[in-house]
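Just below sit the structures, each encoded as structure tokens.
Look for chain A in each of the two complexes below; its partner is chain B in the first and chain C in the second.
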Partner chain A sequence: MILTFPHMGNLYLAGKILLDALKIEYIIPPLSNKKSLEIGSSISPEEMCLPFKIMMGNYIQSIQQGADTILLVSSCGPCRFGEYSELQMRLLKKAGYSVKFILADLPDQLKSNDHICGLDALFNETSLSKPQITKAVLRGIRAMNIIDHLESKAHLYAGYEINRGESKKLLKNALSTAYSIDDPHGALAILNEYKTKMNHIQIDNNKSPLKIAIIGEIYTVIDSFSNLNIEEKLMDYGVSSSRKLTPSWWIKDSLLKLIKLNGIDVKRFSKDYLSYWVGGHGRECVAEAVMAHEEKYHGAIQIFPVGCMPEVVSKSILPSISRDKDFPIMSLVVDEMTGEAGYTTRIEAFLDLLERRNASCTI
Partner chain B sequence: MYYLGVDVGSVSTDFVLLNKNYHVIEHLYLKTNGKPIDAIKNGLSILGQTYNDKQILSVGITGSGRSVGGYILGADLVKNEITAHAVAALNIDKNVKTIIEIGGQDSKIIVLNNGIVVDFAMNTVCAAGTGSFLDRQAERMQIPIQEFGDYALKATLPLRIAGRCSVFAESDMIHKQAMGYNTPDIVAGLCDALVRNYLTNVAKGKDIQESIFFQGGVAANIGIKASFERSLGKKLYVPAHYGVMGAIGAAILSAETKKTNTSFRGFNTCLSSFNSTSLECQDCPNCCEVVTIMQDNNTLVGRFGDKCGKWSENNISASGDK
Partner chain C sequence: MIVGLPKGLYYYKYHKFIEKFLDNLHISYLTSPNTNKNILNEGIRTCVDEACLPIKIFHGHVSYLRDKCDLILTPRIMKASDGEYICPKFCGLPEMIINSIPELTTITSSPLYLNDKKKIYKWCEKVGKLAGKTPSLIKESFEDALKYHANEKQGLDDEKGFSLKIALLGHLYTVYDNHLNMDVINKLHALDAGVITEECVKMIHIKSAIENLVKKPFWSNMIGTLGSGVHLAQNNLVDGIVFLSSFQCGIDSVSIDIMKDMIEDFPMLVLKLDEHSGQAGMDTRLEAFIDMLKRRKLIDLDISTHG
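Here is the complex of A and B:
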């Protein structure tokens, strides 16, 4: 078995550390780019969401390098994402690729399918003992937590750092250095080392940069290719940004869901505007907008792919929040277009707007 | 002594010269024709016949071609269109509350309060209702675009045309033409459809208050203006230089950036030839399409289009872009 998995932001690095620790053979697809999107859209339904198409591209690029099994986290999920595994398997089959899917939460209805298996199929592949497997999994999760920590700190410090660009550079170095090491223990040590470095970046607490919350659909907010690098752009402008949705958050939320303790904050902050779970992370989006206002952010940017149902619901609620709380929120819809001109214009104009509200001046 | 403002848009490239009181002394409206660099050179050569470099105090640039254009001109300020349009309108009327701007490929709404932009929106994924579409339809119906609006006003019964998508609008119009309806009614129906599309798509959820400015190339179309006024029940004000408001805003903003000397490269820049070569960087899977622009084959103007900054970090920094 040669395993592969789709990209989502920097998650590939945690995946690599996990699979290295499990001693399972794997192929990481090339970082999502125009090519993967092109390949993916050529065999995906036209009206399908952007993440689906990018993921299809990732699979095929991996399969071409020899991968035969795909690891995916969810099925029967909260939005169209729940249909990804089955639909993707059928489409791949139609295109002439025969692959197996391993799903982290395999529902009973799919168990009769020979090509879909649960996580046990993954653990059967490794020669490790059960305690060793547990250790490896924990190591993977630990790596993911550190990467999320590094990202969030870098995005926050971008507005406060004394040497402009330092946090961005540190984040990039951390990722590339850790990626080059195949020993999971070593890679984790590198990440820890960078965590310390990141915490010691020189910052100027007297600065008062713009602070923006990134909210919206989970894949497109995390994945820099699909959101045209918005977080990096904000870092370049010296704006502090933060987002609540991270892979670590997702794991925590999924585990809490098992004991029905998830989303306590979400329910509390969204109660005035949306009292139902509308699928995906639509309710989270609404709650995060309210939270961002209470946490004294200057504004929020919502990002979602064309046709994302849950986010369409929250998009229509956001203007009410914006009006009630006098809190600017901008929605950005991403699709297969990679031309950045209109996108950059919106971001720049939004930053101008926030800046002028802060200190009224012409420029 | 003048301030130069340039707006490099999808359809037109506009130049304005403002005097110290921000009055328009000269304005040019040139077709971009998909070649922004040539349009900029063309504008410089026309202005260079009457004015010299020493008269230019500052240069500001806006529009979708602003980043590359900024390097070619040596602009003191590079700014997005939304801010530029707002500044230009505010210069005319401090109490403007809403700006409706429809250009070649975008339509925007800008909401202001006490002279500050408080909200804005642009068309998202569809360009139905923008200048290019109107141009195309005028051409198809063999009506000169300048007279398009007059036709609409002659209508007795504006027909219902689907305005949600430009392709469907076109099929609807062809159908109505085939049925034998007369042209003014179809044109008026199209104007209504585009306005409906704008109000439900771009301006959805926005509070449109007076005074309302209507600017951008499409403001020339009195049919669209009338249709807006009918749907909103409010008057629209079309400023005298509606077509070059972005350039005016850029010029004003450049005048207000504190800078001692302009970095303007001079009108003679129009004599240079600019060549661009593109390559796909293979150093990482991002595969950025990097474009290199050379002046007269020997001076590097800049490199653009990379994500990591490896190619563009050596560019002489263009000022003011945010």
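Here is the complex of A and C:
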């Protein structure tokens, strides 16, 4: 079995550390790029959402390198993500690729056959004992937490750092150095080392940069290819940004959901605007917009793929929040046709607007 | 008090029930007219751009009713049956309306779980109480309306008189809204094709048709259309399938492709509906599809001329 998994931001690094520890053979698809999107769109339904198409591209690029098993997480609706597995399996088969799927899903939702199996198949593949597997999984989760921490710190410090571009460089170095090491312990040590370095970046607390919250659909906000590197662009402009949705948040949320304790602050902040769960992360998006206003951010940018059902609901609510609280929010819709220039222009215009709102009136 | 009933979305399935219920309670109600150009334009103007056409049309109906009644029923349908969801937009429908349409009268925003009779009753009780009716009368009217609804025949099945039979699939609010689908049912009738809709397929057939899916589908709409389509196609009960789908419908983007995969080369026409659809293009495609089905029947051999 040669395992592969779709990309989502920097999650591949945590996946690599986990699979290295489990001693399972794997192939990491090339970082999502124009080519993978092109391959993905060519065999996906036209109106499917962007993450689906990018994932399809990832699979096929991995399969071409020899992968024969795909690891995928699944959900049980009401958003389209829950149906990904069924459709992706059929489409890959139709396109002539014979692969097996390992799905992390609730057990009663799946009917196992030759092509699809539960998460236990992954652990059967390793020669490790149960405690060792637990340790490996925990190490993977720890790596993911550190990566998320590094990202969020780098995005925050971008506005405050004394040497422009230092945090961005540090983040890039951390990712590439950790990726080059095949020993899971070593990789984790490197990440830890960079965590300390990141915490000791020289910052100027007297600066008052623009602060922007990135909200919206979880895949498109996390995956830098699908949102055309918005966070990196903001870092280049010297703008501090933050987002609440991260892979580690998602894991925490999913675990808390089992005991129905998830999203306590989401419920609190969204109660004036949306008091029910609408699937996906629509309610989170509304709550984060309100939260960003209370935390004195200057503005928020919502990103979602075309046709995302839950985000359409939140997009219709955001103008009211913006009006009620005098808080600028911009919505960016991404799909395979998004052009970089138009996209950048809109971000720049939005930043200009925020800057001018900050400056005192000269007349 | 006048209650407004917007003629969109699940109105087409449950209007008999709610009308009977309100009649029993002696509450007067006002139904918005059939979808027309003005309502469509009003919906497009008020609704968020990214939403699908049925949602936009629903906004148009609510806008039409907003200054004509005291309460508009905008059900927040969370679930249609056990363990199944419907489109996420329905769960946020009242919010979408409140935040898009200005100067609105009261609208209903409590959740409605159609899988649980008690919860449906709770919802109806709230409506009745708003009009100042007594609990005993509400209970009585509710039971009566439920019985009435259960006896109503749903769906469309043209038994005889047509040379072809078409399975007309899609969400019920696209199938029965004649403006939205440009009168497709009458157009098919004019082309000598009878129509059968998913309500006329028995639930056991639907369930058995989708048994082979690896992942249990969780949308009621998808189970209905996919199951009935596959059942009708695999048993050759129809000559072809016409699938009505609104542009940007998330559920259809999944179910159409799974259906295509399951029915293989059974004839199927997918009609995408949006606010820009033109009548002529629609007619041409329907005619071409029906012509193809007729020739297929005539030749009686499913072999293409190219070998």
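The definition used in the following text is that the second predicted complex is superposed on the first by the 350 of 363 C-alpha atoms of A that agree within 3 Å, B and C clash if a C-alpha of one lies under 4 Å from a C-alpha of the other, contacts with A are read in each partner's own complex, and residues count from 1 in each chain.
The criterion applied here is as follows: contacts are C-beta pairs under 8 Å (C-beta built on N, C-alpha and C of every residue); 3 or more make two chains touch, one makes a residue touch a chain.
Only a predicted model underlies this, so the values are computations on that prediction, with no experimental measurement involved.
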Of the partners chain B and chain C, which touch A:I201 in the superposed model: first, second, both, neither? neither
Just to be sure I read the superposition right, which of the two partners does A:A104 touch: chain B = first, chain C = second, or both, or neither? neither
Of the two partner chains, chain B (first) and chain C (second), which one does A:P319 touch, if any: first, second, both, or neither? both
Go through the superposed model and pick first if A:V333 touches only chain B, second if only chain C, both, or neither. both
In this superposition, which partner touches a larger number of chain A residues, chain B or chain C? C
Pick one for A:A121: touches chain B only (first), chain C only (second), both, or neither. neither
Considering only touches as defined above, state whether A:V306 meets chain B (first), chain C (second), both or neither. both
Pick one for A:P78: touches chain B only (first), chain C only (second), both, or neither. second
Is A:K34 touching the first partner chain B, the second partner chain C, both, or neither of them? first
Can A:V137 be said to touch chain B (first), chain C (second), both, or neither? neither
Using the superposition on A, tell me which residues of chain A are in contact with chain B and, in the other complex, with chain C. 306, 316, 319, 333
Taking the complex as given, what residues does chain B use to touch chain A? 64, 77, 79-83, 87, 106, 115-120, 122, 124-125, 205, 252-253, 256-257, 284-287, 307, 320-322
Complex contacts: residues of chain A adjacent to chain C: 45-49, 74, 76-80, 82-83, 85-87, 89-91, 94, 105, 108-111, 113, 115-116, 273-274, 276-280, 282, 306-310, 312-317, 319-320, 333
Quick check on the complex: what are the chain C residues that touch chain A? 47-48, 50-51, 76, 78, 85-89, 91-92, 95-96, 98-100, 111, 213-219, 222, 247-254, 256-258, 261
Within their complex, chain A touches chain B through residues 30-35, 225, 229, 232, 237, 306, 316, 319, 322, 328, 333, 335, 341-342, 344-346, 348-353, 356-357, 360, 362-363
